[in-house]
Amino acid sequence: MSEPRVDLAVDEPAGLGLPDVAAATARRRRSPARIPAALAGLVVALAVPLYVDAFWLQLGLFAFAGAVAALGLGLLLGQAGQLSLGHSFFVAVGAYGYTVLAAEGGTIGVSQQAGLALPPVVAAVLAVLLAGVAGLLFSPIAARLRGIYLGIASLGLVFVGLHVLFNAEPLTGGFNGRNVPGFTLPGLRFDSTSGEALYVLGVPFGREEKLWYLGLAITAGTYLYRRNLDRGRPGRALRAVRDHELVAGIMGVPVTRYKAYAFLISSMYAGLGGVLLALAFGRIVPETFGVALAVEYLVMVVIGGLATPAGAVAGAVFVACLPAVLERYAAVLPGLAPAGAQGVSPAVAARFVFGAAVVGLLLFEPGGVTAVGDRLRRGVRRALNRARGP
Amino acid sequence: MNTSGTDGDLALVVDAVTVRFAGVTALDGVSFAVAPAAVHAVIGPNGAGKSTLFNVVSGAYRPASGSVRFRGNELTRLRPHQIAGLGVARTFQNIALLASATVEENLLLGRHHLTRAGFITTALRWPMAPREERRDRARAAEIAAFVGLSDKLDAMAGALSYGDRKRVEVARALCMEPDLLLLDEPVAGMNAHETAVMAHLIRDIRETLLIPILLVEHDMGLVMGIADRVTVLDFGRRIADGPPEQVQRDPEVQRAYLGTGEEAS
Amino acid sequence: MTQFLQLLIGGVSLGAVYALLALGFVVVFKASGVINFAHPALLMVGAYVTARLTAAGDVPFTLALLAGVGAAVALSLAVQRLLVHPMAARSVIAVSIMTIGVDVIVQTEIIRRIGVDILPMGDPWQDSVVTVAGVTIPQTRLAALVVGVALIAAFFGWFKFSVWGVAMRAVAEDPETAALMGVRRARVSALAWVLAGLLAAVAGLFITVFPSPGLEPVTAAVALRAFPAAIVGGLDSTGGAVVGGLVIGVAEVMTQGYASELAFLGQGFHSVMPYVVMVLVLLVRPSGLFGTRELHRV
């Protein structure tokens, strides 16, 4: 074999070919409609549990769990440009971490199951930290790998993780999984217990209602955190690493350290998403945390918009809700067969939509749905200006 | 060449630097020194190793042997961001700006190593972060004015003319508050007018900031006009080093640029 | 000793199959600069068409196999022409993520059609074995070895000596000069994708015959092991792809064969072994065994 070729390009750009956050942010800051719109959205979100049934609330919780994880992946991929397909591994660390830390240890049926019986809040925080540590441990390997190698290496992480989940039965319950301990805040149980009914504005507040507010609060907090990061110095540095790694270093950005930060924060986000996911499911099995889930998060950020936090949330809501919505209305939608019958089931149809959306958006509008929204808004404004006349 | 610990009051010392890759010797024992507050040009035919030299100084390549010293620090042992932290700033031959960000955002990247707002302080909006940001934006505006780009701060960097983008690169390097400025072909591809503007700017920088400027260039007019000292490379080797008029008359230099048996006009 | 030899031969034959997969993957990467995450989908399509045709009853196996190869090649070419080529100016990561979308679409459809069935390939070897010097090898494994070696040898001969092979190497090495010398990069890319489809379909056959029960949704996960094989060898090294495939194949079969001794590593460890090997190699060689190394790491 001939002498290995060496890569000489110093100032060769990489990046994702994305319209940048900075410009979009600068434009949006000046739009006066932002704050009232955000407030309106918040009021709606707060009022939802008062009007909507448990099915939609449960779905909402899955959406929140996805949103938090997607916000993390968006930071890693959209801002730092690191294609990591291992996100579901860190989500699993969060989900199983919470479960093991919060569960009562002992014997269930014929098997021994570990549990530290910590207060759920403490367990959740520790699970997130655990996911962060895992991210930190992975980041030195990740930093040494060129972008594309990282994508495939991180796949390996998922498979190794799955293997551990299937085999470490005392911790994970193996193939059959484990029940997830209910969440409690000091003085407030989230799981419905008989004889203890909480009423707010005349509406009974059960498990789904309380978890909705928990999910909303966590999503809002993580959204704001990420948005502030993106707009400030860390976001600028990460985008420089994404678009021109060597140049970023020469400009003074400690590249390896920032990649490590990106991994740390995104895996903590993933871990937090994992905690919410565990609470949403009520019972977790290893099968959930495979490559399909990692691809799902990728689909979320691509559909919503890779570079912006709003995109991550929008994409998560879409991906979480579409299958359930299609299933609910399968009878009225043409071409869809009910589950079990021949033909295209709602779940399958949703996957087709996701795949096609990824291909289509990357071909034509890599900024995702939020960028499409931006373009529409600008188009409308231009049309209005023209209509107003000279 | 001075290889002891004291480089006197020389700003940058390149000492017997050799770079080899894939069987090619890009730089072969190159040595020269840059005096403080001087404009020092490195010239040579294509492929002579000029950009390689810059990459070694800014930390992108590690040489096979030799040393590069700046204010007592051995640069060849440092990572690029550490070299930036010492006050070494550079521009790039092929313009390395974020095309889809505004000019201001590009300039702010240059301030990175001077500020400290991190992943916690920025996200939680500790007072330090917005305060630093205000200072940074003010300074970036000042530098933009100095360079003549005040009216373009909010423009997308990718939408600017070639000449303007080159000036943004210089401005970004200046935002790093450098103690040594490396300019990689600052007037490449420019017409006479743009070249004159850039030459003027380089002189302004030297006079205002009093920092040493190392520049790589093809344009003889620019080099002879503003350089205090010139180093000539050919096939990775130094073939001349001295004041511009002296180098211009050097027969080795003429041969490298024009081939054997001909005299420079 | 017999067990070791048996495992070794099994590992080498599986490794040859992985090598075919990895080779197609690497050839596409070298020619288009793209990580084709839809590579497993090519394999699934080829195997599916072959299985359905042989099951239909009156289609001879060879014809069905050719049809499967044709289907995989057609899909591959369609992806290249319609999706990858228009995105030629975009970043590698963007195009690679796009192929993930393609993979989702194709795999969803194939898995929907397979359902809960396991589709046999209808191959001529079935579960017959061959015994040589006390070592028992399934005929399918022997066929995999022979075909794999033949295809790989043919590929390298073609790569080195034929006009198109040289053109492909030129494009991978120095696209601008190649273009100046009249090599049409788009044509070379298309050819690379055609090759990938061909190699994937052949690999798909040997992954789904004995001792595997047939084509089922989980076959895609086996196809995924092309990726660590390619990484181990170095993403832009065709020779590396073959070495990587062999390493992964031998490691997997050995781990499976000695599973009882390795019980502490957990059940089913052999299916994770390719990824473990990949991570270990990357720790020492971040660009794979034979991949292009980055010079400017300070």
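Annotations for the structure displayed:
Chains: A, B and C, in written order; residue numbering restarts at 1 for each.
Basically, a contact is a pair of C-beta atoms (placed from the backbone, for glycine too) under 8 Å apart; a residue touches a chain by one contact, two chains touch by 3 or more.
These figures come from a predicted structure and were not determined experimentally.
The interface with the largest number of contacting C-beta pairs joins chains A-C. With centres computed from CA atoms alone, A is the chain lying nearest the middle of all the protein shown. Centre to centre, using the average C-alpha position, chain A and chain C are separated by 31 Å. Between the CA-based centres of chain A and chain B the separation comes to 42 Å, rounded to the whole angstrom. Look at where the CA atoms of chain B average out and do the same for chain C: the two points lie 47 Å apart.
Looking at chain B, residues 21, 55, 59-60, 79-80 sit in touch with two or more other chains. Residue positions of chain C touching 2 or more other chains: 295-296. Looking at chain A, residues 5-6, 8, 10, 246 sit in touch with two or more other chains. Across the complex, chain A meets chain C through its residues 1, 4-8, 10, 14-17, 81, 83, 141, 144-149, 151-153, 155-156, 159-160, 162-164, 166-168, 246, 291, 295, 298-299, 302, 344-345, 348, 351-352, 354-359, 362-363, 366. Chain contact summary for the complex, chain A toward chain B: residues 3, 5-6, 8, 10-11, 13, 18-20, 22-23, 26, 225-226, 228-229, 232-237, 239-240, 243-244, 246-255, 261, 265.
Interface residues of chain C facing chain A in the complex, by the touch rule stated above, are 35, 83, 86-87, 90-98, 100-105, 108-109, 112, 173, 224, 227-228, 230-231, 235, 237, 239, 266-269, 271-272, 275-276, 278-279, 282-283, 286-288, 290-296. Listing the residues of chain B that touch chain A in their complex gives 21-23, 51, 55, 58-60, 79-81, 83-85, 90, 92-94, 96, 98, 100-102, 105, 108-110, 112-115, 117-119, 122-125, 129, 132-133, 154, 156, 172, 176.
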